[in-house]
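Here chain A shows up in two complexes: once beside chain B, once beside chain C.
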Partner chain A sequence: MSGEKPLDFTKEITSKLGGETIARCYQCGTCASTCPVTRTTERYNPRQIIRLALLGQRDEVLKGDSIWLCASCYNCQERCPQKVEIADVIYALRNIAIREGNIPAIYTEFANGLMSEGRLAPISKFLEKKRADYGLPPLKPTGVEAIKKILAATGFDKIMFKKEGTPQ
Partner chain B sequence: MTSYALFLGCTIPARQPHYELAARKALTRLGIQLVDMEGATCCAPPPLQSIDLETSLAIAAYNICLAEEADLNIVTLCTGCFESLTIANRLLKEKPELREKVNKILANAGKEFRGTKEVRHYLQVLMDDIGIDRLKQSIVKPLNNLKVAAFSGCHLLRPSELLRFDDPERPRIFDTLIEALGAKSIPYKNKLRCCGGLLRGYADDVALAIARDKIVNAYNAGADCISTLCPFCFLTLDLGQMLIKATYKEEYNMPIIHYAELLSLSLGVEPKELALDFHKVKIDRVLEKIG
Partner chain C sequence: MTARKGSSKKSKGKGKGRKRRGAKVKAMEEAKVGVFLSDCGGQIAKILDFEALTNFVKTVQGVTFVARANEFWRGEGLKIIVDAVKTKKVNRVVVAEAVPKISEVAIAKAVEEAGLNPHLVEVLDLKDHCALPHRDTPKEATEKAKAMLLAAIEKARLLEPIEKTEFPAVKSVLVIGGGIAGMQAAEDLADMGFQVHLIEKEPFLGGLAAKAVRFFPTDDCAICIQSPATDLKTVTQTSRKCVYRSGFSEIPNLNILTNAKVVKVEGGPGNFKVTVERKPRYVDEKKCVACDLCTSVCPVEVPDEYNAKLTKRKAIYINKPLVYPPAYAIDAKVCKFHECAKCVEVCPTKAVNLDQKTEHVTLNVGGIIVATGFREYDPSVIKEYHYGEYPDVITHLELARMLDAFGPTNGVPVRPSDRKPAKRIVFVQCVGSRDRRWNPYCSSICCMISLKHATLIKEAYPDTDVTICYIDIRTTGREHEYYYERAREMGVKFVKGRPSEIIHDPATNTLIVEVEDELLRRLMELEADLVVLAAAMVPSEDTKELAQILGVELDQDGFFKEYNAKLRPTETKRRGIFICGGAVFPKDAPTTSLHAHSAAVKAAKFLMNGKITKDLKVAVVNEDYCGNCQFCPVTCPYGAITLEPKGDGHFVAKVSELICEGCGVCVGTCPVGAIELRHLKPSQISAQMKALLSVNGTSKPLVLAFSCSECGHAAVDSSGMAMMSYPANVRVLRVPCTGVIQVQHILEAFKAGAQGVMVVGCKPDGCHYEVGSQKAQKKVEMAKMLLQAYGIEPERLEMFNLVFIEGDKFAEAAKAMTERVERLGLLQLA
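So, the complex of A and B:
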C-alpha cells in the first residue's frame, strides 16, 4: 500500500486494541535506551519502529523482521515520558501484520496447539506417567471446545487457518 | 483454611513437574488448599496476544469465569499466567465497554465475565494470607545464608500500572520472601532486566545473548544460584546454559532454582521428594551448602 498517507496508518493503529497511544510519541529515544533487545542487536529499535509507523511506512513496518523482535518485557513502557504503551503498540502492529498473512512459523505452531489441545505446549505420555510417579494428580481436561467457539467468534481461526484445518 | 483455584497454565505441566510438585507441597504445608480447575486452558500469553489481543483477552476471561463459577480466587505459579489473567481481570473490571465486547464473544462459549474474583500470584498468598511472621515460624531448615540472585521475571512486575504487584523500579517482595527462608538476596547487575525468553523460537541467537548476560551478571556477583518464579525464565536460563556452552564455549554451572523449591526445602521437604532430576544444571552444590 505505497502512497498511503501517514495519517491513515496512524489511525489504523490507534483504532486497534493496544495501539491507542502511538501518536503521543515525541521520539526521545528513552525506549530504545532501556530496551534489552536494542542493546543486543542492531536489528531492533522501538523508537525507529514507531517513527516509521507514524510516517506511514506501512509495508516496511508490517513486512519487516523488526516488530517480531520485541521481548514484551515492558521496560520501555514503564519509562516512556509520553506514556506511549510501546509493548502494546507492538502487539497491535503484530496483530495487523498477522491478519495480512505475515506470520512467523513459531506463531502458527502456537495457534495449532491452542486449536487442537487448548494449550500451547502438548503434554507428553512420558510426563503424564511421571506425574503419577511423583504423586501429582492427573491433569484435568482442558476446555478446548469452548476455546474453539471463542476462536470462531473472533475470527482467529480464519486468521490463522485459511483452509479448514490447514495452517497458512 | 484458605482455598484457591490453582491455575497451572501450559509450560509447567508440559515441562516442569518439579515446579508444580514443590509449589503444591509448600503451599499445602502452609495450610493453603489448592483446587484443580476443570476446563482451564492456556492463559493467552504474549505469543497469542501477538496474534490477536481481543481473542487473548477473551481466552483469559474465559478462564477467570471458571473461577467465578467455582466461587474461588485464582492462584498462579507462572508469572506469565499471572500477567495475562491479571491484565484481563483488571481491564474488564475497569472498562465497561471492553467487558461488554468480550462478554459478547464469551456468550458463544456459554460464559459471562462478572468481575467477582481476584487473580493472585503465589508470592502474594505467602505475603498476605500466610504473612512473613508465620512463614518464618514455619521454617525448619533455614537456608544457611545461601547467596540467591532473585529473578522474578518481567511479568510479575510489568506493566506495573495493571499488575500492581510491587514497586517496579525497587521491588522488595520477592527479596523479602527469599530472606525469610534464611537466605541472602544479593544485588547483581541489571537484576530487573528481561531474560530474553520470549524471543526463543523466533530469534534464538538474540534470546541466548540476553540470557547469557543474566547468567554472567549473577555469576560475577558470586551467586550460589538464581531463583526464578516463571517456568519460561527457568527454561531460558537452565537449558540456556547448555546452549551457552555449545555456542559460546563457556560453562557457568549456575543452578537455577524455582523459589517454590527453596521454600519446600526450608519447610523440611526432603530433596528426594522433589523432582530435582528436571534440572539440567545440577543443584547438588546448593543442597550441600544448605546441609
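So, the complex of A and C:
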C-alpha cells in the first residue's frame, strides 16, 4: 500500500453521488454471499471491491474489470446490515473510472451509437434484414442533433470522448 | 461520623438564627467586605504589584478589612478569615486564592463554622486567571487584577444568604422487575433495612434468567443469587443459593407482588405515591400447595411460551422447576372459568378462586429502581432467514429451553419439525443487531451465548457438527477469551461471514445456510438440521409506557437512559429514580448483578437519612411578571418547573425547590426576566460586568468572556495552570451554566464597554446541565442577528465549547478574539 493515501480515496468516493455510505462497511460478506455474479465468477466480489477501495487500492479498483461486472440486481444493497448502498457505490466507482478514461470498449461503443444514431444498440445487418422481411421500413438515425445538444450541455461528450488516460 | 452529625446539628440550629439575621442584613445591616489576598507564597507577587492591589482594594466602598498571606484556604491563612468573621464583623468574604474549587469549598466550610452563611463568600483566582497567563505583561496583569477584585467585591456586596432546607424522604423503595437485577437490588436494600416492594409483571419471578438455564463463563445455574444476610441456615454470607431455596421471600421488609405493574406515579423524589395494578392470579398463593391436581383435570391446552412453545401447558400452570412463588396461576386469556371450574372442585386446599378481581395498590416510596430487563428480538422480520416460516430455524432462547434438562426436550437439541436430534447445527450471529435496518447496536452478549450453547452441545453430544457464522467474535469480559479457546479445542467450527440466506430443501428436510467464508474467499453452502439465530436483545415490552409514567428518558436504542454513563451510572435525570441491569443495556449476569448493587447503593445513599438536605441554590419566580408562557417548563432539563393556576385564569411557573439543580437554563429562556437564580441575581451579573470592564490598563480592546462554572471555567483554569499566555484585556465572568445567559446580557456587555464577547461553555453534548450549552449557542446566534441589525459586526461575538484539557484552546481563542476585535476597530456605541 506504499505511496497510496487510503483516506483520500475513501473521501473521494463518499463525496460522489451513490458513494456516500461506503465507509460503514464492516466486511460481513452478506453482499458476496447473496451476489448472483459472485456465484458465477471469481472475478467479481462486492465485499472485496469495497475492501480494496477502503484500503486505498485506487488503481486496482478503477483499472480492473471487476467494477463493470455488477449486474445491478441490488440484492446486496437490500440485505446489507450496514445499509451500505453497494450497487450505488459500484456506480460511483464506475463514474470515477470513466472520468479518468478507464472505459471498457463496450461502453465506448454505446456512446458512439448514441452520438451517431441516437441509439444505444447499433442497427445490425441482421436487424435490417428482419425488418425488411416483416415489411417494416429501415431504421434511420433519430434525434441525433437534439441528443448531441443534450450530451454537450451535460458534458457527457467531453467525459466520454476525451483523450484516454488523462484525468480531468 | 459522630463529629459530622454534631456539626450538622449545630449548623441547623444556627441556620434558623441566620435566617432572621439574613433578613436583617438585607434591610439594615451594611455589607462589610473582608478582602483576603493570597500571593501564593510570594510566587505571584513577582508578577502582580500586591502593594498597589492592597491600596486599591482599601479604597473600594464597603471594604472594611484587608489581609495578605501566603495562602488562605488552610492553616494560618484560614484562621485569619475565621477571625475576621468572628471578631472584625466582616460579613462578606472575598478571597483571591489559587487551587481552584478546593479552596472555594474549604473556605466556605470554615466560614460556615465561624457562623457566617457560606454563600456570602466570593473566591477569585488571581494566579491562574491573571498572573500566570499575563506574566509577560506584569503591569497590565496588575490592572486586570484590580478589575477582577473590584468585580468580586461588587458582587460580594450584593450577595444574600442562602439557607439549607430539609425535605422528607420515605425510607422505602419500589423495585420494578423481578429478574436477577431486581431481585439483587431488592435484597440489598431490604438487608440494609429499607422497606422494599418488588413487583413483577409475570406470575413468577426470575425474568429472562429463569429461561436461560446456565450462565457463561462458569456454566452454573442461571437462577442463582447471593444468600440474603437474613438466611440463618447459611454458614457464610458469600454462599450462593438457587432463588427458590434462598429464602428470598422470607427477607424481612420485602414485599413481593407478582402479576403487577405500575400504572401511575405521583409526588416527587423522596416521596413518591405509586399506583400498582395487580392482575388476578385466581389462585391464593398462601393456600396453594402445588400438588398438581388442578393441571390433571384442566381441559385447556395451549403452547407453553415459557418452553418456547415446544410443549403444551394447561390453562392453570406453574413454571418448573425454578419458580417463586411456588403457587399455580391461571392464564386468563384461555381459561373457561365458571363454564368449567374443574380445578376449583379438585383443589384440596380451596386455593383456586375464579372470582379474584384486579386490585390497585398504592405504595408510598422514597425511591424507585427500574429493573425491567431486556427481551429477545423477534427475527421474523428478517425475511432471508425465514424464522417463523421454517420450524427448524430457532432462536437462542428456544435452544436454551431445549438444553434445559427439565425443558421440553429434556436437554436434547432437536429439530422441531420432526423432533429428531439435530446432528448438524449452525449458529448465525448478529441477527437483527449491528444491523442498521433493525437495531444498530451490538447486543454484547450473543457471542458468548453462542459459545456457551456450542460447548454445552459439544460436551453432551461430541458427534454433533457445530458451526458458528460470525462477523466478529466479541469476548471482551473476564475469562471470556478462554471460553472461545475451549470452543475451538472442542471442535466447534468458525466461519467468518454473515449468511445471506437460509434455504429449506424439502426433499431432505435440510436447511442450507449460504455464506461466504471470507478468509477462504469462497462461497459455502452449509447443511444443517437446526439453525440457531443469535437474535438481538432489545428493551422489554412496555418500556416506553413505563418511561412515560415515570417521566424518565429513553436512549436512541429504546433503553432507559443513564444520567451519565461514566459519572452517574444507574441514575436517571429524575432524582430518586434509578435504573439497572438489562433495562439499561443488554448485560451478562455478573454485570447485571454489579449494576443492581450500584442502583441499590444509590437509592440507599439518597434515602438513608430519612431526609434530603439541600442548599436552596434554586430558581425563583416573580409572579408579577410571569404568566401563561410555556418556555421554562419545557426547557428545564430536570422537569422542576410546572405551570400552576393562579386563580384569576392565569398560569404562573412554579419551581420545585427539591428538583431544581440551580443551573439557570430557565433564566436564560424567560422572555420577560420573571425568573432568577437565588445564587446569581441579575444585579450581581451587572455589577460584575461593569467592574470587570471598568479598568482596562492594556493597549488592547476589552473582551468579556462569559464562562460556565463547569468545563468552561476549568478550561480557563487549565490555561493558567499550564502556563499558556493570552492578553490581559480578556476578562472572565463566571456563571453557573452558559444556559443562564440571555441575549440581553450579551448586549449589556457591549454597552458596558466590551469590544468583543466570548461565551465559553461545555461541549454541546457534554453540558453538565444537559441542554445549557446548546441553548447558549442558540442565544449567541440570535444575538449575532441583533448585533447585525444594530450595525455591529456579529464577529465580535463567539461561542466556544471547551473542556479542562483544552486550556491551550482557550488561550488561542482569547488571542484570536483579541486580534479579531483589533482588526474590526473601535466599537462606537451611540
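Going forward, the second predicted complex is superposed on the first by the 135 of 168 C-alpha atoms of A that agree within 3 Å, B and C clash if a C-alpha of one lies under 4 Å from a C-alpha of the other, contacts with A are read in each partner's own complex, and residues count from 1 in each chain.
Quick note on the criterion: contacts are C-beta pairs under 8 Å (C-beta built on N, C-alpha and C of every residue); 3 or more make two chains touch, one makes a residue touch a chain.
Values in this document were obtained by computation on a predicted structure and should not be read as measured data.
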item: Partner chain(s) touched by A:82 [first = chain B, second = chain C, both, neither]; value: second
item: Chain B versus chain C as contact partner of A:57, first or second or both or neither; value: neither
item: Chain B versus chain C as contact partner of A:107, first or second or both or neither; value: first
item: Touched partner set for A:136, first chain B, second chain C, both or neither; value: first
item: Chain A residues touched by each partner, larger count belonging to chain B or chain C; value: B
item: First, second, both or neither for A:27, with chain B first and chain C second; value: second
item: Which of chain B and chain C A:17 touches, first, second, both or neither; value: first
item: Chain B and chain C footprints on chain A, overlapping residues; value: 75
item: Contacting residues of chain B [partner chain A, same complex]; value: 8, 10-11, 13-15, 17, 20-21, 24, 36-42, 45-55, 57-59, 62, 66, 104-106, 108-111, 154-155, 158-160, 168-169, 192-194, 196-199, 201-203, 206-207, 209-210, 213, 275
item: Contacting residues of chain A [partner chain C, same complex]; value: 24, 26-34, 38-39, 45, 47-48, 75, 79, 81-83
item: Chain A-facing residues of chain C, complex; value: 384, 430, 434-437, 471-472, 496-501, 514-516, 518, 521, 523
item: Residues of chain A defined as touching chain B within the complex; value: 16-18, 36-37, 40-41, 43-44, 68-69, 71-75, 77-78, 85, 87-88, 91-92, 94-95, 98, 104, 106-107, 109-111, 113-114, 118-124, 127, 130-131, 134-137, 139-144, 146-147, 149-154, 156, 159-160
